[in-house]
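Two complexes are shown next, each including chain A; its partner changes from chain B in the first to chain C in the second.
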Partner chain A sequence: MYRIRFHGRGGQGMKTASRILGTAFFLEGFEVQDAPRYGAERRGAPIFAYVRASKEAINERGIIKEPGLVIVADDTLVAMPAAGVLQGVTEDTVILIVSVIEAELWKDRLNFPGRVLTVIPPGEGQSHERAFTGGAIAGAAARLTGAVSKASLEEAIREELIPLGTKVVEENLEDALSVYEFMAEHEGCVAPGTAIAVEGFTPPNWVELPFEDARLSSPAIHAEATSEQIKTGLWRTVRPVIDYELCNRCSWLCSTFCPESAISVNEDGFPEIDYEHCKGCMICMTQCPPHAISGVLEREAKGGEDNET
Partner chain B sequence: MSEETFKSVKDLPSTRLLCGGTPMCSGCGALEALHEIYDILGKKTVFVNAAGCMTLLSIYPFTPFRGSWLYTAMASAPAGAQGVRDALDILIEKKQMPPEDDLQVVVLTGDGAAYGMGLSSTSAAIDRELDFLYICYDNEGYGNTGQQFSAATPHAAKTATSKGPRGYPGYKKDLFSIWAAHKPPYVATVVGSEPLDLAKKIEKASELKGPRLIIAFSPCPTGWGFDPKLSVEIGKLAVKSGVWPLKEYIDGKVIHTKIPRKRVPVEEYLKVQGRFSHLFSPKRNEELISEIQARVDAYWKEVEG
Partner chain C sequence: MKRRLLTGNGAAAWGARLANVDYVPAFPITPQTEIIETLGSWIDSKEMAGRMVTLESEHSMVTAAGAAAATGVRVFTATSSQGLLYAMEMLYTVAGWRAPFVMVNVSRGLSAPITLEPDHNDILAARDSGFLQIHAATCQEVLDSVLMAYRLSEDARVRLPVIVNLDGFYLSFTREPVEVPKEDKVLSFLPPFDPENIRFRASTPISQAVAVLGGGPYSYFRYETHLAALNALSVFDEISVEFGRFFGRSFDAVEAYRTEDAEFVFVMMGSFATKAKEATDRLREAGWLVGLVRPKLFRPFPKEHFLKLLKGKKGIAVIDQNISMGKGGVLYTELASVLYGSLDDGPVMASFIGGLGGRDISSEEFFEIAKVIRRAAEEGKAPPPRLLYTEEELREMRKLQVIANAERNQAGKRVGKKDE
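== the complex of A and B ==
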């Protein structure tokens, strides 16, 4: 059985990728499961999608804990514990990361014995407007399993995306086929995993909880502003940076507009951005009258920090 | 506080009471309006929140609020508010709580609840003259469940349940007038991209007693299909094009608080949103665009007399 796990951010097309890949497998005569999973978090937050494909009936359910292939559509997720990119990987797992950083370096950083591949996001160095489509990610997965023909991939893209219009279909086809070609030398490197048998199952360590009074057991929060502890700054792919030379100190604007309450005003009337919580929506950049706020790719901003320390 | 508190944008608070770390989408227009409102209402509030995106604000053990908050079923937030109001009144009456510790009861719901499922419980609460503030953040659809259309969805918008070439066949319900027809002390429309207008109205509402109701227009990058950075711009365009009239109902009269003298064509507002993209490509749908424009023009013709 092929077990493929996708990691991306809400809005990056992981759900679409899993649908396309699932349909393509189906067209090849496989039994298929495909499903996205997201928590309460939304656009920008880490999300997951799963595809299982097998020539036999699939009896497994739920999230994929032992993936044969892990695809990471956004390399800033790798360092993020909540994204769980490395969960359950073994030396037989193949990891594909959409990244400009070389595969060897990732292998080193992750101290991962198995195979790591990378694919460079499109338009890198030009603009960050057009993201990688779900089609591209599906195309990569299709080729790496070696079990999906180009024709099935194309048909699956058309079938899944036609309601979104021809432009979307064309963009996805273009991306998917170019990545499918790009991955040719690694065709079939993802081996189907063996079935998981009931005999091998060890039950988790259940903990018996005593029955508590409603006052204790109901989910009441007794402290204020605890969500401060959630670092939504990790959602960010682009970072707003203030040029204080240009700043007019009309900070009531950016500070009021920021949905995250992430821009405070200091004693001198200058705005200060709380990068631990800024999600990178870039509203402040578009609203700043003297254009004192610019967008820097998070990866580059982070790189700068690493060099400084 | 008095009406004079917010004379210019420079008077807007920068306290940022609602803290970060929430699961709302990047660029959420509803969260923007809510944090502006919260800065004015302050922490002596209890929010009664019907199921929708904003109920995900407080997920045990995390909350961005500094005061109280509780969660109700989708149709029943005003009923929940009644219970909370009664409990507070009883505590004060029995001298188990000093009157100065009293809290403002605030209902917070989406448009799905306000325009649809929860309308009858709201109507009943207004009839009972319940002392509460109702805030409806209007993202024009059932956002939390994937943007199905609601009674607040505008004509021709594409939603998860109106995907055809003409989008949503219905028309946005006029909730402002429905609420105002109950003759409560205060009804107003606001938008986070006009923070001064919003601050004045929330201040006014919080000084009155009885049912006070606010509709906060809330651009939703996820449900409407636009880049999060355009969230404020789209709110401003809604006002400048006349699509979202800023107004209030007070003392039996409707007053427009910001009349866009030179309205930009609605097209400017429509074309930046994915939910209206079928009006422009593959072929321009002149008929639908002019229909939307004509409805906006007719509205303002009546206002301007």
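== the complex of A and C ==
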């Protein structure tokens, strides 16, 4: 059975990718299961989606624990424990990261014994909306398994995306086919995995849950400002940046409209953005009268930081 | 026949569409909303007839569903979790009216604490309401269940509302290949609702009401509802034979997987049971004589099916994705009441609680459960109930407790003892 997991952020097309790949496998005569997984988070939060494909009926269900292929659509997620990108990977897992950083460097950073591949975002250098498509991710997975023909990939993209209009279909087709070609030399490097066998299985570490007093065991939070510990800034794909030359210190519009209260005003009357909690909704940018706030792709902003340090 | 990839929610919507429902009172809730969105878009684009009305709460939604059904039209509605509980008063009421309709519940653990992921405490809270219950394990079964549910609900020997249950995420948002039957075939299996004596016409105003009654007549009506629910057992079996003839798929009240020569049996409900099926195959490969018994029909409780399937087994592991506070697993309890005194030399039963709030159950855990039940059978002694919960999970819990500053960082220490 092929077990494939896609990691990205809400809004980056992971669910779409899983659907396109699922449909493509289905067109190739596989039994298929595809699903997204997310919590209460919104756009920008780490999410994942997965696909199982097998020539036999699939009884496995839920999250894929031992993926044969992991595709990471946003390389800022790799280092984020909450994203769980590396969960359950073994040396047989192939990891594909959408990144401008070279594969060898990722392999070193991750200290990963298996195969690491990278692909440059297909929309690199273009507008933000064009930076990622689910089609590209599905195209990569299709080629790496070697089990999905180009024709099935194309048909799957059309089938899944036609309700979204011709432009979306064309963009996804273009991305998917270019990545499909780009991955040609690695065709079939992802092999179907086997099921967990009874022979020599690791028994679960079951624990007897002790009784604990309600002072401890009721689901109440007894501390103040705990939401500060949730770094919602990690959800951000676009970063608002203030040009203090242009800022006229009206001092309240951006800070008032910020739904996260992530903009404070300093003693000199200048607004300051708390990037640990700013989700990148960009409402501040649309509110700022002198257009002193602009949006920078997080990936590029991060790259700048890396160079500085 | 051509199959297509559908989510469990999509399959539920297809079931309602193929049933040609007249009226869909609706209210959104995660993870159900996709069902009413899908129906809404079909009705909007005229791909589907029928009328949809968005109510202001699930309480009103179920009231509207029952009231509409009481006028003799075919009604479909859907909810989940907190929504089902919010409607609970009306669940009992409309079942008491003997209003036949179908409601889909997308299972999601109940608050508090809050979760989006599935377990069965929501649907089991409706256990005694008079609604019959069908529990699906695959997306195909979701669609099939809706069709079966209308036949069952509208049958004059039953005439009770039916809930079809599917698990949030594991089915609701998961696509699988589903065979969508042809409309004409469904129409033969499930003809338009013949309401017989249920009627209401604006041109012929009549009052439809229930009265405040003393214990005598009250008992009569309540017990008649119970008898109708019991009747549904044989009616279900009858319809399931027809279903198989029409669609070439069986739809038994209880699924028995590799049970014939099995010594040990997993008993589970819902989509997590397919995980037990997977584990059964692996255990069989390793020479274990195990099988799986899964009730699709939970109300009425298919007692005779269980007795037949479990006769002669050495051990039964019941894995409940629910918990009755102060008692334990609901399915375990119900099955124990069925087996007690019914089977000579009955099997050893063990109770496991797992999958609460969508917590995964791993293959290794099923393997271990098989070992536990085999040992119990050898020793002739049932083990104490077991929550499927690992040391790693408890460690993670401790971290959360530290963040929450639970009792001033006392997490990890046993509290509740008197200070020394």
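Here is the rule we go by: the second predicted complex is superposed on the first by the 269 of 309 C-alpha atoms of A that agree within 3 Å, B and C clash if a C-alpha of one lies under 4 Å from a C-alpha of the other, contacts with A are read in each partner's own complex, and residues count from 1 in each chain.
The definition used in the following text is that contacts are C-beta pairs under 8 Å (C-beta built on N, C-alpha and C of every residue); 3 or more make two chains touch, one makes a residue touch a chain.
Quick caveat: nothing in here was measured; it's all calculated off a predicted structure.
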Touching partner for A:10 - first (chain B), second (chain C), both, neither: first
Which superposed partner A:59 touches (first chain B, second chain C, both, neither): second
Touching partner for A:245 - first (chain B), second (chain C), both, neither: neither
Which of chain B and chain C A:279 touches, first, second, both or neither: first
Chain B versus chain C as contact partner of A:201, first or second or both or neither: second
Which superposed partner A:256 touches (first chain B, second chain C, both, neither): first
Which superposed partner A:228 touches (first chain B, second chain C, both, neither): first
Contacts of A:219 with chain B and chain C, given as first, second, both or neither: both
Contact residues of chain A, present in both the chain B and the chain C interface: 39-40, 219-221, 226, 229
Parts of chain B lying in touch with chain A, wherever the complex brings them together: 9-10, 12, 14, 16-29, 31-32, 35-36, 43, 53, 56-67, 163, 192-193, 195, 221-222, 228-233, 277, 281-282
Residues on chain A engaged by chain C in the complex (per definition of touch): 19, 22-23, 26, 31-37, 39-40, 58-63, 65, 195-199, 201-207, 209-213, 215-216, 219-223, 226, 229
Chain A residues within the chain B interface of the complex: 10-11, 39-45, 163, 165-167, 219-221, 224-232, 235, 251-253, 255-262, 264-265, 274, 276-283, 285-287
In the complex, chain C residues that touch chain A: 5, 7, 112-113, 116, 169-170, 173-177, 271-272, 274-275, 277-278, 281-283, 285-286, 288, 358, 360, 362-365, 367-368, 371, 386-394, 401, 403-408, 410-411, 414-416
